[in-house]
Each structure stands twice: as structure tokens, then as C-alpha cells.
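As C-alpha cells, here come the structures.
Each of the next two complexes has subunit A plus one more chain, namely subunit B in the first and subunit C in the second.
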Partner chain A sequence: MTTNTNENRALIWKALSWFDVRWRAPGTWAFALNRITALGLALYLSIHLVVLSTLATGKDAYQAFLDAVNMPVIHFGSYLVVVAGIYHGLNGLRIALTSFGIAVRYQKPIFAGILLFTIIVSLYVFLQMFHII
Partner chain B sequence: MAEKKWNVTFLVNRQKGDGPGRLEPFRLEVNPDEYVLDAVERIWAFHDRTLCFRHACHHSVCGACGMRVNGVEKLTCITHIKDVTKDGGTVKVEPLRHFPVESDLVIDMTPFYSRLEAVHFPQVVPLNEAPDPDSDSIARDRNAPSDLARLVDCIECAMCISACPVPLTNPDYQGPAILAAIQHQGIAKNPDLLPFADNKNGAWRCHSAYECSEVCPSNVDPGWRIMDLRKQVVTTRIKNLFGSK
Partner chain C sequence: MDRAISQPKPGETTWLWLLKLVTGVLVVLILGTHLIVQHLVSPEGLLTFEQVVEWVSNPWVALMEGTFLVLAVCHALMGVRSVLLDLRPSQGAIRIIDITFLIVGVVAIGYGFWLLRAIQAHGVG
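After this line comes the complex of A and B, so read on.
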């Protein structure tokens, strides 16, 4: 039992090491960000399906739920979903291209471009979503 | 002119048998232009004769002295101390990841060599057939006589395996050097290599972190080779689908 527990702890520690990007190259940063955004989007999808399931209990119940979660923190969570979606989608295209030998030599500048695009669009969405402009 | 001297603390992995590793500090006065391996050798010579580490050529040809320096895979014989720390700083020296540790900084390379042997990785390749990431490279001379061969670039240091994040959670992954070795030989000419590349622990398991290419001291560019191998696998499968040989 102790051996299994230690092995599980070691496996969790190793999986967490995916996100240790210290001193690593841009490719690892892209990989780690891809994983983080994937986990975030998967969590969002799960919550989204649970929320949608309240529709089955009727329109009033759904509306009551929407009213209950109409909070800034939830809005900010929705904003993060948009940011994660932009990065994950674009990086997915980068991986799809390079996976078949297209522009492998340019994977770093492409990643930099994706990061820059994500930051600019995220900033614009932030200003729009929170009615700053 | 007086020689520059830095005071640097080397945190060296100490590990014997199956016991857990620990970082032991050694304070050294070094010349910043020295290499990390020089410092490791001095620790062994003047501080602790039980320290185990591998080294041979001292000029990045043998690949024996691959270690993790401050968390990144380096050939310690060509890594300047001034490039990894500062005066009064520390340098963490650890063995490569994803391999059993034999002692201190020495790993058991058997799994790595076995996998290379399984894909019958050649030490030389015909000069006019060596697939190379850089088409302008002198490494690939299409007009060269077919009986001319050159040594392959890979020095079997295994640093690409250590740098890759995939074996953290999947120790059965073939790894960059092995997949690069398959790509080097070509699936079309060596169809028996297809099963090594085209499976869940082969070319498709790579997660495109390209850390292998970053740490490779020999410009093998395993990341590029894995992507090229995928093209080879897909091409072969399509050809097989239509029954062509």
C-alpha cells in the first residue's frame, strides 16, 4: 500500500513537472501553456454541461441559476475561457502544421506571434467585456 | 594580469544504491572561464573521492558527461561556469532524468542503448543519402559517390531523452534520439522500422515541446526529425493502403 502511495505521489510530481518551465526553451513554454489552457477548457466544458442540464428542470430554474451566478468573478472566469480558447486554438494550428513537417524551423517565431496575438486580442476583449471602452 | 576568481557553490547530487538523492554543497574558487566538468573533477580530486560521474573526451565528442546543470541538460565539458552562474552564485549538478541512477551523477544507459540497438542505428551513413534538416548542409551531398560515408551526428549522450517532458509520465516512449535514428535511416528503405515509429509510444507520442532540439549538442535536431518521421509514416501508410510497395 505504501509503495503504491509513493508511486502515485511520484507520478503526480512528474506530471506537475510538465509545468516546470524554468530555464526551458519557448517550445516547452508553449507545451505547458497548451496543457494549462486545455485543463481550463476541459473544466469549463464540464461546468458548462452541468449548467446546461438545469435547462431540463425548466426555464425558471435556468434563469434563477443564471441570476445567482451573475457575479464579477464568474464574468472574469468567462473571460479566462476566451483567452484560453484563443491561445489553445491557435497553438493547436501551430502544432498541427509542425506535426507534419510544415514550418518546424519557425515554431518559435510562430509561438511568439500567437502569444502576441493572444495578448492583444485578450486586452481588447477585456476592455470590451468589462465596459472600459 | 591576475587570474579572475569566482566563489561558486556547487550543489551536487549524491545518491547511492536505491536511496533517495540529496544535493551536497561544495564551495569552490573557480575561474569563470572554466567548464562545469572541471569543477566536478576538482570536487572529486580534492573534496570527495567517492563522487561518481562519467566523462571521457572533454571536447563534446563522446557524450559521456551529459548532466543537468541548473535543471537543463548540458554537456558539462563545454559548458562554461560563467554561462550558468555568477560570482557568489550556485550551480546545481544533477544526473539526467528518466534513467535509473547508478550512483551520484551516473545513470544506467542500458534502456537507451537497447532501444537504439533495436532500431539498428548505424554509426555511419552514405553521404548522398543522409537526410538532413538543412538542405544546404555539407552533411548531405547528393552528388557524392555512393560508397562515401560519414559519421552520424548523434553522439548518444541521451540529453534529448532527459529534456523531453513526455517520459515524465510515459516511460515507454521511444524518445527523440531513437525516433531520430529511425528517421535517419528512412522508413521507405527500412520498412521493418515502421512498427517502432507508428505506435502509441512512437512518433505520435511527441508533444512538440522541441526541448530535444534545444539541448542537442550535435545539431541532430531530433524535433525536426520526429516531424519528418511522421510524414514518412503517413506516406508509407497511404502507399500501403493502395497496395503499392
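After this line comes the complex of A and C, so read on.
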């Protein structure tokens, strides 16, 4: 019983250790970011589906939802969803390509390009969403 | 990183792994249109009620949003299942996860299509 518990703890610790990216290769960074954004987006999808039920209720309920979305905290949460979506989508395309043996040798520069693109677009979206430009 | 190529993991069939990849690529393609129309075209960042009703009442749009819903739900559930598989669950636990996710998927997709129809109904008459 104790052995099983220890084994389970070791497995869970091993799975969680993927998220400890200190001193790790770019592949671990790509994986950890992919996982974190995936879990965030899955959570968002479920909330998104539930919240959109206001559309079925009618115009007033939907307007109340729009007012809530404009609250700073929720607005910032929406921004994080966009950033996560950009990274997860692009990194997913990289994974799909390399899974079929395409551009495997160029994984590191592609990953670096994805990070750079995500940062630049995220900055632009931030300026747009928060009406700075 | 050169050897870090995605492949099926224990408890994940090749078909399921392939389906996760394909749905992911398709979600990215449709998400572009979905985000641009729903959030970038509108000056306030979100469509008004009337704009949503008009948008969804277009049968091609409804088809696109419906397809997006199915792909996104399937990809999300297969992705979360893949994360759970890393915890090396027992065969019994995998079975419970599969049944639960199947029910969640069917309910989410059914609810999504009901929602599409309910929004379209606001534009009738």
C-alpha cells in the first residue's frame, strides 16, 4: 500500500517536473508552455460555452454579459486567452509538422520564431485591447 | 529538441493521436476567421446582440461555427486526456476518463448546436 502510494507520488512528481523549466532545454520550455496554454484554453472554452447561453436568453442578458466582459479583470483574462491561443496554435502547427518529419532539424529556430511572433503580436493586441493605440 | 517529436503515448492509440493533431490544425485555421470577425471587426471588441444574430443566421457561418465547436471540443478533450495519461492512470481509471469525456463532449456539442439554433431563432420574424 505504502509502496503504491510512493510510486503514485513519484509519477505525479515526474509529470509535474515537466513544468520546472529551470536549466532545461528549449524543448521542455515549448512543452511546458504548450501544456499550460492548453489547460488554460480548455478552461476558457468551457466558461465561454456556458457564458454564451446569455445569447439564447435575449438582448438584455447578453448586454449584461458584455458589461461584465468590460470589467478590467475579465478584460485582462480575455487578453491572456488571446496570447495563449496564439502560442498554442502556432506551436501546435510546429508539432504537427515535425510529427510528420517536416522541418525536424529546424525545430529550435521555429520555436524561437514562434516565441518572438507571439511576443510581438501580444504586445500589439495589448495596445489594441486596452485602447493605448 | 531534434528527437522531441510528438508521438502516441501509452493509453493513446495512433488514430486518437492523429485525430488530436488534425483537429488542432483545423481549429487554428477556423479560429483565425472566428477571432477576426467576432473580436477584431467590431469596434468595441465584441459584436452586439443584433450583429451576433445576423452573423449566425448566415447558414455558411452557422456551418463554420458548428464545425469549429465540434473540432474545438474534441481537441480540448483529447488534449486534457493526454495530460491525464502522463499521470499513468490505471486501465480502470482510463476507462472512467474516456466515458466521462465522451459524455462531456456529446453534451457540450449538443448544447452548442442548441445554442446556435436558439440564437438564429431571435432573427426569425
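Just so we're on the same page, the second predicted complex is superposed on the first by the 116 of 133 C-alpha atoms of A that agree within 3 Å, B and C clash if a C-alpha of one lies under 4 Å from a C-alpha of the other, contacts with A are read in each partner's own complex, and residues count from 1 in each chain.
Operating definition for what follows: a residue touches a chain if its C-beta (ideal position, glycine included) is under 8 Å from a C-beta of that chain, and two chains touch if they have at least 3 such contacts.
Fair warning: this is a prediction, and the values are worked out from it, not measured in the lab.
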Identify the partner contact of A:T98: answer first if only subunit B is touched, second if only subunit C is, both if each is, neither if none is.
both
With both complexes superposed on chain A, which partner does A:A38 reach: first (subunit B), second (subunit C), both or neither?
second
Check the residue A:Q107 against both partner chains and state whether it touches subunit B (first), subunit C (second), both, or neither.
both
Please work out whether A:S122 is in contact with subunit B alone, subunit C alone, both, or neither, and reply first, second, both or neither.
neither
Examine A:W23 and indicate which partner it touches, taking first as subunit B and second as subunit C; both and neither are also allowed.
first
Residues of subunit A touched: more by subunit B or subunit C?
C
Looking at A:L11 after the superposition, I want to know if it touches subunit B, subunit C, both of them or none. Which is it: first, second, both, neither?
both
Looking at the overlay, what does A:Q63 touch: subunit B (first), subunit C (second), both, or neither?
second
Based on the A-chain superposition described above, do subunit B and subunit C contact any of the same residues on subunit A, and if so which?
11, 15, 18, 25, 27, 30-31, 95, 98-99, 104-105, 107
Show me the residue ranges of subunit A that touch subunit B in the complex, using the header's touch definition.
11, 14-15, 17-18, 20, 22-25, 27-28, 30-31, 95, 98-101, 104-105, 107
For the complex, give me every residue of subunit C touching subunit A.
1-2, 4-7, 21, 24-25, 27-28, 31, 35, 44-46, 48-50, 52, 72-73, 76, 79-80, 83, 86-88, 108, 111-112, 114-115, 118-119, 122
Which subunit A residues qualify as touching subunit C in the complex?
11-12, 15, 18, 25-27, 30-31, 35, 38-39, 41-42, 45-46, 49, 52-53, 55-56, 58-59, 62-63, 66, 69, 82, 85, 89-90, 92-93, 95-96, 98-99, 104-105, 107-108, 111, 129
Touching residues on subunit B, where the partner in the complex is subunit A:
70-72, 133, 165, 168-169, 207-211, 213-214, 223-224, 227-228, 230-231, 234
